[in-house]
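Letters A, B and C mark the chains in the order given here, with residues in each chain numbered from 1 onward.
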Amino acid sequence: MLSVKNLCASVDDKQILRGINLEVRAGEVHAIMGPNGSGKSTLASVLAGNEKFTVTDGSVEFMGRNLLELSIEDRARMGLFLGFQYPVEIPGVTMANFMKMAVNEQRKFRGEEPLSAGAFLRMMREKSAVVELDSKLTNRAVNEGFSGGEKKKNEIFQMAMLEPKLAVLDETDSGLDIDALRIVATGVTKLHTNENATIVITHYQRLLDYIVPDYVHVLYKGRIIYTGDKTLALKLEKEGYDWLINDYKE
Amino acid sequence: MAEKEILENIDSEYKYGFTSDIDTETIGKGLNEEVIRIISSKKGEPEWMLERRLAAFRHWQTMKLPTWAHLDIPEIDFQDIIYYAAPKARKTLGSMDEVDPELKRTFDKLGIPLEEQMALAGVAVDAVMDSVSVKTTFRETLAEKGIIFCSISEAIKEYPELIKKYLGKVVPHTDNFYAALNAAVFSDGSFCYIPKGVRCPMELSTYFRINAEGTGQFERTLLVADEGSYVSYLEGCTAPQRDENQLHAAVVEIIVEKDAEVKYSTVQNWYPGDKDGKGGIYNFVTKRGLCRENARLSWTQVETGSAITWKYPSCVLLGDNSVGEFYSVAMTNNYQQADTGTKMIHIGRNTRSRIVSKGISAGKSQNAYRGLVRVAKGADNARNYSQCDSLLIGDKCGAHTFPEIDSHNPTAVLEHEATTSKISEEQLFYCNQRGLSTEDAVGLIVNGYAREVLAKLPMEFAVEAQKLLAISLEGSVG
Amino acid sequence: MGLLEYLREQGVDPQGEGGVLQLANGEEVEVVINPTDNLFSVEEQQRRKILIIHTSDDTSKLLFDVKPYASLQVVDVYLGGCFADVTLRQQSGSVCDVLSVVMHGAIADYTIDLNGKHSSNALRGVFLSRGEEHCKMAVRVNHYYSDCVSNSLVKGVAGEKSIGEFNGMVYVAQDAQRTDACQNSRNIELGGEAKIITKPQLEIYADDVKCSHGATVGQLDSEAVLYMRQRGLSQAQARKLQIEGFVKDVVYSSSEFGEMLAEELNAILEQIQ
């Protein structure tokens, strides 16, 4: 589904990603961990197409297409979803309108008819239940005045609405209390099928208690330096990164 | 209605830019007493009206063009304008069959069907083309309630007492340069009278259309809501696409008597000129309402058109406990210039006013909010809250805020807040990531920004206004 | 203790042209009394602290030329009905801090030109008018270059039959991206015939800016006055306390002269009927 080869990217002439290699197949869950500043969020942004970053080398193939030559919105319409670490507020734009537009853009992209108002509302109701999102929130402006937990739930709600092929969740667990964490993680698990894949970027092992990864990657200084299974996360939690990154220190 | 559906209908060109091939009767260019006599006699006006026009004209000749606005106005040759143009019509317009079919087609194109059975449910329309009112719908239905809704020319002949009592009461011809010019040469417009205690059962609406070349349009609207009555009034404006600039100088007067309420909504979409700033309407309008005791007047405007806009719908809060409101979205693109805002004059006690102004500047345009909140000496416990926000799209445009607070009473509580912002990269990225194109995202964000004001418009108008904002943004996102 | 009395105590003759004050912390403050047409330069990376006192009704024209990375603190006090025209020209990286106290029907007109990148200006002002005075403070901040910061806060009090007026303008030129400008006008009308006029204006030609302004006109909190009177304070005392609270943050932004300035304001407040 996703094939990343030697991906290098920089921002303001500063090299952040220095050759990422990553294969993600349908049905898989990958966790990417690593200390602060290792390039985790940059990887998510580059995959989504954030123009702040310049890709300097490498290639990314997604669903058989060259991802890097697609616009941000076309990547999204193809089924790449980025769950933001800091979801932005858009004053005055209601969630309902925003999602209706997003869902129908995706349908248009696939050559499908737009959803009727009734069908759309039904879908909103169903999907908001997945993350126990207060349905009143969908009448509010996008992320405006949402608490930290509501913003993250709202990201997963949007993921449920858009049914992505590949979801990249950037630190979705940060700033969540244990209840919100459970809700968000259960939501993600419910949405997981054999047809789609998830990349979870996280700092802490605790999210992985709920979302069980098939692979755990350690990102350090812009490279994946180690890949293991779910037990790696536990080891990292106990022992930290030092045993891994000592060899890479300058 | 979702912005989505609206944005799908984006038409990149000014949609109302067509001209209609209608036989037009005009008089020669220029302005002098003789021209005013001709206008008056063509309209079959009584002598007293002619005297009023002449008095206004004589006063106008002593006046100078106002220059205080933040506008760069090319010199206007007032002798190079045709002051009267009328679609040639049969004598009276008793039934629809007598309206020129081409004229009917014009209004159909504008989305204003004149046939009553086809009319938007519950909206009575007065359609004004160039200098005359061509058709007023639903007159009979309204008449049953005692509501008068007709062209001002008819009102002058049929209701001289009401006209004598109210015309020029709120905006006298001495008020300003353009108001004086209008009082001298106004050709038509709408008159509306809601009798005591009557709640007008439908939205009343006037559509203004400039069609003839080289003409100016000077319409006059007079709206009187008698004690305890209520009316919601809509006004829409369009003009053909022309390389020349055309002058539009209207006056709207509203009298809101004791316990009455008036909502006045405008969607102004005069031709704004092309991408290079060629052509477009010069829109110099004086709008003012007078509120008596417990009266309430609410102005809502969405301004996307005109090359130059100079307009300050105002409330004179004369009666105790009266309320004035002003909600505005003013959007400029390309080379458009707008200097618009409001005046809230608190005279009575316990008067309240609220101002919400949302400016959007794109392209190379200049957009200014100008406001005055004055609290007179006797206006105990006056309250005002003003909020003026500006949104800038692109780095070649300007957004300006010129508020003035003038308080002569220590019990007044007045607040003014303003912010200036732009659409952030983060917002665009977020929308793009959810699959929206940048243009759609900008349309969505702008409509969200203006939502507070759009929500004040009647439903049909709100939809039209949202479309207009999206269309007017075309080409502003690089 | 009033400001003039304090100066005398510190060995600066209030009738003279000024002098230098030695502060307890070892810093020096230049004192200038009734300047007419003066130029003050602050050289690159230098610091200057200046106290200006106007006691006459004359006109005064002051120009501060603040060179790159210099810093300037000005306390500008109007104890006479002076008409002053004050211009600050700030070059890149410079920092200016202005405190202005306008009384006795004075008119103080400030122009702040941010003539270089990364310069910043903070202006705090108070005007207090009584009797039939017309006090006016005008502040025009011109952001000509990118990345500058300006913040103005002016508090006005008008009593009796006086007029208090604030005229503000923030101008942001087309190239002045990343401007951060804030302007606030807060006012209180005391008497039945007092007037406040405020015009906080913005003129913006750049798009990547953070500009905000606010203006309020209000009155004393009558409940608070009642509360204080119930505790035995006179109407005048209660009023004085509230106004002190209102202007405190502005006046005490000068750690050196805050107390003396508050004293000057009080002396006028006590005269207000």
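By definition in this document, contacts are C-beta pairs under 8 Å (C-beta built on N, C-alpha and C of every residue); 3 or more make two chains touch, one makes a residue touch a chain.
The shown structure was predicted, so the numbers you read here are calculated from the model rather than taken from an experiment.
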Most widely separated chain from chain B, with each centre as the mean of CA atoms: A
- request: Would you identify the chain whose C-alpha centroid lies closest to the centroid of all protein C-alpha atoms displayed?
  value: B
Centroid spacing, where centroids are CA-atom means, of chain A and chain B in whole angstrom: 49
Field: Inter-chain centre distance, chain A versus chain C - centres from mean C-alpha coordinates, in Å
entry: 52
Query: When the C-alpha atoms of chain B and chain C are each averaged to a single point, how far apart are the two points in Å?
result: 42
Touching residues on chain B, where the partner in the complex is chain A: 2-4, 7, 424-427, 429-438, 440, 444-445, 447-452
- line: The chain A residues in contact with chain B across the complex are 48-52, 71-73, 75-77, 81-82, 84, 87-88, 90-94, 96-98, 100-102, 104-106, 109, 114, 141-142, 158, 162
For the chain B and chain C complex, residues of the former touching the latter: 70, 375, 377, 390, 392-422
Statement: Per the touch rule, the chain C residues reaching chain B in their complex are 174, 177, 187, 189-219
